[in-house]
Amino acid sequence: TEAELDSDVERIQLGIDGLDSMILGGIPQRSLISVIGSAGTGKTTFALQFLEHGFKDGERAIYLTLEESREAILSTAEDKGWPFREYVEDDRLAVVSMDPIEMANSLSSISSDLSRLVADFGADRLVLDSVSLLEMMYDHPSKRRSQVFEFTRSLKEVGVTTLLTSEASEESPYTSRYGIVEYLTDAVFVLRYVRTSNFQETRMAVEIQKIRDANHSRETKPYEITNEGINVYQQANLF
Amino acid sequence: TEAELDSDVERIQLGIDGLDSMILGGIPQRSLISVIGSAGTGKTTFALQFLEHGFKDGERAIYLTLEESREAILSTAEDKGWPFREYVEDDRLAVVSMDPIEMANSLSSISSDLSRLVADFGADRLVLDSVSLLEMMYDHPSKRRSQVFEFTRSLKEVGVTTLLTSEASEESPYTSRYGIVEYLTDAVFVLRYVRTSNFQETRMAVEIQKIRDANHSRETKPYEITNEGINVYQQANLF
Amino acid sequence: TEAELDSDVERIQLGIDGLDSMILGGIPQRSLISVIGSAGTGKTTFALQFLEHGFKDGERAIYLTLEESREAILSTAEDKGWPFREYVEDDRLAVVSMDPIEMANSLSSISSDLSRLVADFGADRLVLDSVSLLEMMYDHPSKRRSQVFEFTRSLKEVGVTTLLTSEASEESPYTSRYGIVEYLTDAVFVLRYVRTSNFQETRMAVEIQKIRDANHSRETKPYEITNEGINVYQQANLF
Amino acid sequence: TEAELDSDVERIQLGIDGLDSMILGGIPQRSLISVIGSAGTGKTTFALQFLEHGFKDGERAIYLTLEESREAILSTAEDKGWPFREYVEDDRLAVVSMDPIEMANSLSSISSDLSRLVADFGADRLVLDSVSLLEMMYDHPSKRRSQVFEFTRSLKEVGVTTLLTSEASEESPYTSRYGIVEYLTDAVFVLRYVRTSNFQETRMAVEIQKIRDANHSRETKPYEITNEGINVYQQANLF
Amino acid sequence: TEAELDSDVERIQLGIDGLDSMILGGIPQRSLISVIGSAGTGKTTFALQFLEHGFKDGERAIYLTLEESREAILSTAEDKGWPFREYVEDDRLAVVSMDPIEMANSLSSISSDLSRLVADFGADRLVLDSVSLLEMMYDHPSKRRSQVFEFTRSLKEVGVTTLLTSEASEESPYTSRYGIVEYLTDAVFVLRYVRTSNFQETRMAVEIQKIRDANHSRETKPYEITNEGINVYQQANLF
Amino acid sequence: TEAELDSDVERIQLGIDGLDSMILGGIPQRSLISVIGSAGTGKTTFALQFLEHGFKDGERAIYLTLEESREAILSTAEDKGWPFREYVEDDRLAVVSMDPIEMANSLSSISSDLSRLVADFGADRLVLDSVSLLEMMYDHPSKRRSQVFEFTRSLKEVGVTTLLTSEASEESPYTSRYGIVEYLTDAVFVLRYVRTSNFQETRMAVEIQKIRDANHSRETKPYEITNEGINVYQQANLF
């Protein structure tokens, strides 16, 4: 019966070596995915690699960055050997750099523009890097939450597989900065630093916190960022 | 005399394997139940399984979701082999997806609509998934508390067995996000992650924190989420 | 001389087995007592048992509940074998269920109504379950404190032995939610969960934090809630 | 030279057995003293005992209580065998019970009334029990601090040896609730609970945190409250 | 292919002995760099040494200080043997001391002035010491964040290699005081104190937290500040 | 070359035995110094001893106290055998007791009065005891910070060697109460309590956190306060 059930929603791969095999059966298409991690844990790399995997399958994608310039995103991808400039030229990729303050100020109209863009462009995957920078621009918690809620709802309606990167909370690596995206998304990946007690070295580890309707490993596995992107060592242990 | 006392209120089963046997004597019918847990701990699965148990006994139910679409809820249930679409067609189940912002803005009228719906529909069980998303939409703590208080009171008056899912507080897994539902509900179940000290693996454990007027186990037991739903390993130990 | 001093104020018993013998000499009559604990620790059971002890001695009492319906209180008591419905019929008990929001809004007039009721009814014991729900309805800390202060002062003037239940603070089990009742009451009992380090089991333990002008044990003792109410194992140790 | 220096300010004794010998040389007369502790640690007992020591030397005193009735204070003292009612009759003691809300609202006029009362009455010692209840009634931290500051300054000008009791902060037993009196007073005593790790027993311990211009022990010593008041076991160790 | 990719952006050296060799391949030119540390960890020294390295290569630079006088900066540099006064005379260095309050009040106009200055002056490196003092002057978090965001964006557009010093958060040495610069900058260096458990000694350690598009050591290495500036002991261990 | 560099700014001694030898080369004249510690750690004693050292060298000084009366300061100094009254009579010392509320309200005019006083009086050293009491009187963090910033800047311009005492933060002994003075001052000394784990005794320890442009010990050393002032045991260990 598992086979039957799995058949009705198509499942996709992230394209992160070692991590995809920790997800048993893939992530449902058109899901909302969040990647939580503090500065430098590889969220942007994760997001680019996630798109690259789609490109290799002939998909189209939109990258919405609130943190970096269009140029920086393209060159970071190219550094990893992913020909994002070519995708742009081939009209398979749109990289949009948006001002988070403007985005916060007119989120509902931007949200509907984005929905239209996804439809017109025929995007299969979408990235917002990072949702925390958007959240940060609201002063009132309830305003922030209702805005983020409406935004993620509209993304779900559009039906594009979406990855939101989010800063980790200062208190816990398992919680997003404002503690909401992990509840509004279908899948949550946690990237974290683990420091050894003798202050010798800082390692990086990934944990799958949730994937709606899917079985997945609950192990914490080491990963590295290299010239080829993120590599999860599924066979290794952190210590 | 225990038999006599137990006889005057009917007791129901949750339908969670292993957990029902930790509740000695069942949960009083028409109770308010809360399930507290962080993202991915299985609150939605718990709620669906709780309804499924009633359906098997010929009950009727309402599922009020603030987090997911109607469609998502139905397909999650079907993933687990629970024919929720059939229940809907048979008029035994109503799945209502509501906007938490609207719900927060007009809670008292929605509350009375809901009471009417429960009565008209003849619902035996009701789920609100999640109450935290509702609570989140208020800025002033006293407003939030008085609104949630009135809402739970009206549910008690309606007399339908109700399950509220709630996010855990960031500080403690045993406390709900806003620290009020555990006081307003008759039974509290805590779902939590337990991480091993060597960062190897994340386990899931359940504890019954309270059941008004009922004896229950005070042990913490491991559970898993599988294709058949939540399974509590009552015979096993966490470590 | 101890005998002489003890003679001028009458001392009462709580009626909690094992706990009364930890209080050396009883609690002064007409005291204000607070019971602090998180959800499910047995505060309501404690309060009912405290009244039942008085009823057995022919006393009269008022139970003011902000959390539960009148009916729920009566049936909880009856579950424990305490004939509260009979007491009501015999005009020895008044169970009043009040809306905490209304109570917060007009506390001073309710307070004087209550004083009158205590006098007219000839109540010997009074319970407010819980004071936290009242405190919760104020937004400004100084307003909350001054209101709670005035309320407790008026209770002291009425001269009825009063038990206030209070939620514990999220930070410490020894502190009430808003950190004021333990200072305004004459006796403080702390009910708490103690979790074993291997996550096996949750035990319950009671400590007497203060009793004005009385000697008392400073030990922490395990207790259980059974069909007969709260039972403190004064001879046992927690571990 | 020590003898010479000590001679110019008269030094007084607190009257707490065991604690006075931890203060090498006594507390300068007309000092402001604070006693910090959580509920039930014995602050009121400490304050009464401090006055009793003065009465035995023929002094006069004022006890200003914000927490308890005049009657409660008198009977607590008599419970310990200290004839406070006689002192009142002999015009050597004034016990004033004040409403903290009123006190907060008109602190400067009350402050000058108090100064006059101290002068007219010829009071040698003054107690305010507790300053936290006064501080609690202000919403704005700067208002609270400036009011408390002015109040303590006026007490210093009056030149009466004053003891302020203060609740401990929830975070640390060594800090007062609002973190200001320990800086404004000349001597600070900390009363605290120490709980054994096996949850067996709660002990009480005292530490002298500061005494301006005086040498004192820096040891933490156990104490008990008995029918005779507070007794510090200067020879014993806590563990 | 690594060689090819590395070739398109020029990489620079910080000029901190031992630390440059932990950065494999250098920091991309025109990056934004942040140095996070608490008081006295050497942020200002780091910033000066970073400029000195450029001067030795014939570069020009601007030092914008919010904390110290122009004079203090020059003399601190000279103390280390770096002839900053000569650079000023040779028109290769501009040291600007700005009032953080004014800067906060008119950040956008100052920001465009600064961009012009960088262009006119032909500055290769820019230092802002410290961004925390600027951030501190805003009361509303969203205002602070949007201002800092706009400011860093304008620096990126100018295209000057910029180093921002930042105070560490009180909670964690790995987080900046207001938790934003580490996300807005391309490279993050953490300077921290490590205290031995016996309170004997305080050591200083550096960790590279992130460098966009670059490989780097993840070790934590001890460093010292001497007459010659900061020296990282790349071969040594902290313990 | 070290000798050359050290020669251009004159270096002064604090006058605290044992501590001066931990500062290698002295503190630059006209520096701003902060001493951070909780109540009773000896900040006032430190400040007085710092002035006394100057008096012995024929210097002049101003002591600005916000916490104590002029009289209290003079007598505390005399208790330690430092003839402050003589210095006042000889016009070498001005002790000014100021109301922190007034000071907060008109800081900029007081600040310029103070600058003039320093110049007219020819003061070599200045003490403000404590800056926390000033900071405390502001409600808005940005107002507090900008005021304290302007104040310290004006002190730097006056060019008098200044010592600011500051309360420690409740969270960490290494941070000032409001977390700003350690960044605005040139040298930071931390006085702290260290409690032994068996609650036997409280020791006092000092650490030099920073001295701009100077080498210093990074050891934590025990100290005591005696009739002769503060004595740091540079040869001893804390444990």
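The chains carry the letters A, B, C, D, E and F, assigned in the order they are written, with residues numbered from 1 in each.
The definition used in the following text is that contacts are C-beta pairs under 8 Å (C-beta built on N, C-alpha and C of every residue); 3 or more make two chains touch, one makes a residue touch a chain.
Since we're looking at a predicted model, the values are computed, not measured.
S.K.: Farthest chain from chain E, going by mean C-alpha coordinates, please.
M.R.: Max centre-to-centre separation from chain E belongs to C.
S.K.: Go ahead and align chain D to its copy chain F using Cα positions, then give the rotation in degrees, nearest 5.
M.R.: Resulting rotation angle: about 60 degrees.
S.K.: Using mean CA coordinates as chain centres, what's the gap between chain C and chain F in Å?
M.R.: Spacing between the chain centres: roughly 51 Å.
S.K.: What is the distance, in whole Å, between the centres of chain E and chain F, each centre taken as the mean of its C-alpha atoms?
M.R.: Roughly 30 Å, centre to centre.
S.K.: Please list all residues of chain A that touch 2 or more other chains.
M.R.: Counting only residues that touch two or more other chains, chain A contributes 171.
S.K.: So how do the chains connect up here, line, ring, star, complete, or something else (other)?
M.R.: Graph shape, chains as nodes and touching pairs as edges: a ring.
S.K.: For a quick check of the interface rule, what order do the chains take around the ring, beginning at chain A and passing next to chain E?
M.R.: Here the ring order, chain A leading and chain E following, is A, E, F, D, C, B.
S.K.: Under the definition above, what is the set of chain E residues touching chain A in their complex?
M.R.: Within the complex, chain E contacts chain A at residues 1-2, 5, 8-9, 140-142, 145-146, 149-150, 153, 156, 169, 171-172, 174-175, 179-180, 182-184, 188, 194, 205, 207, 209-213, 215, 218-220, 237-239.
S.K.: Of all residues in chain D, which touch chain C in the complex?
M.R.: 38-40, 67, 69, 72, 75-76, 78-79, 81, 99-101, 130, 132-133, 136-139, 167, 170-171, 193, 195, 198-204, 225-227
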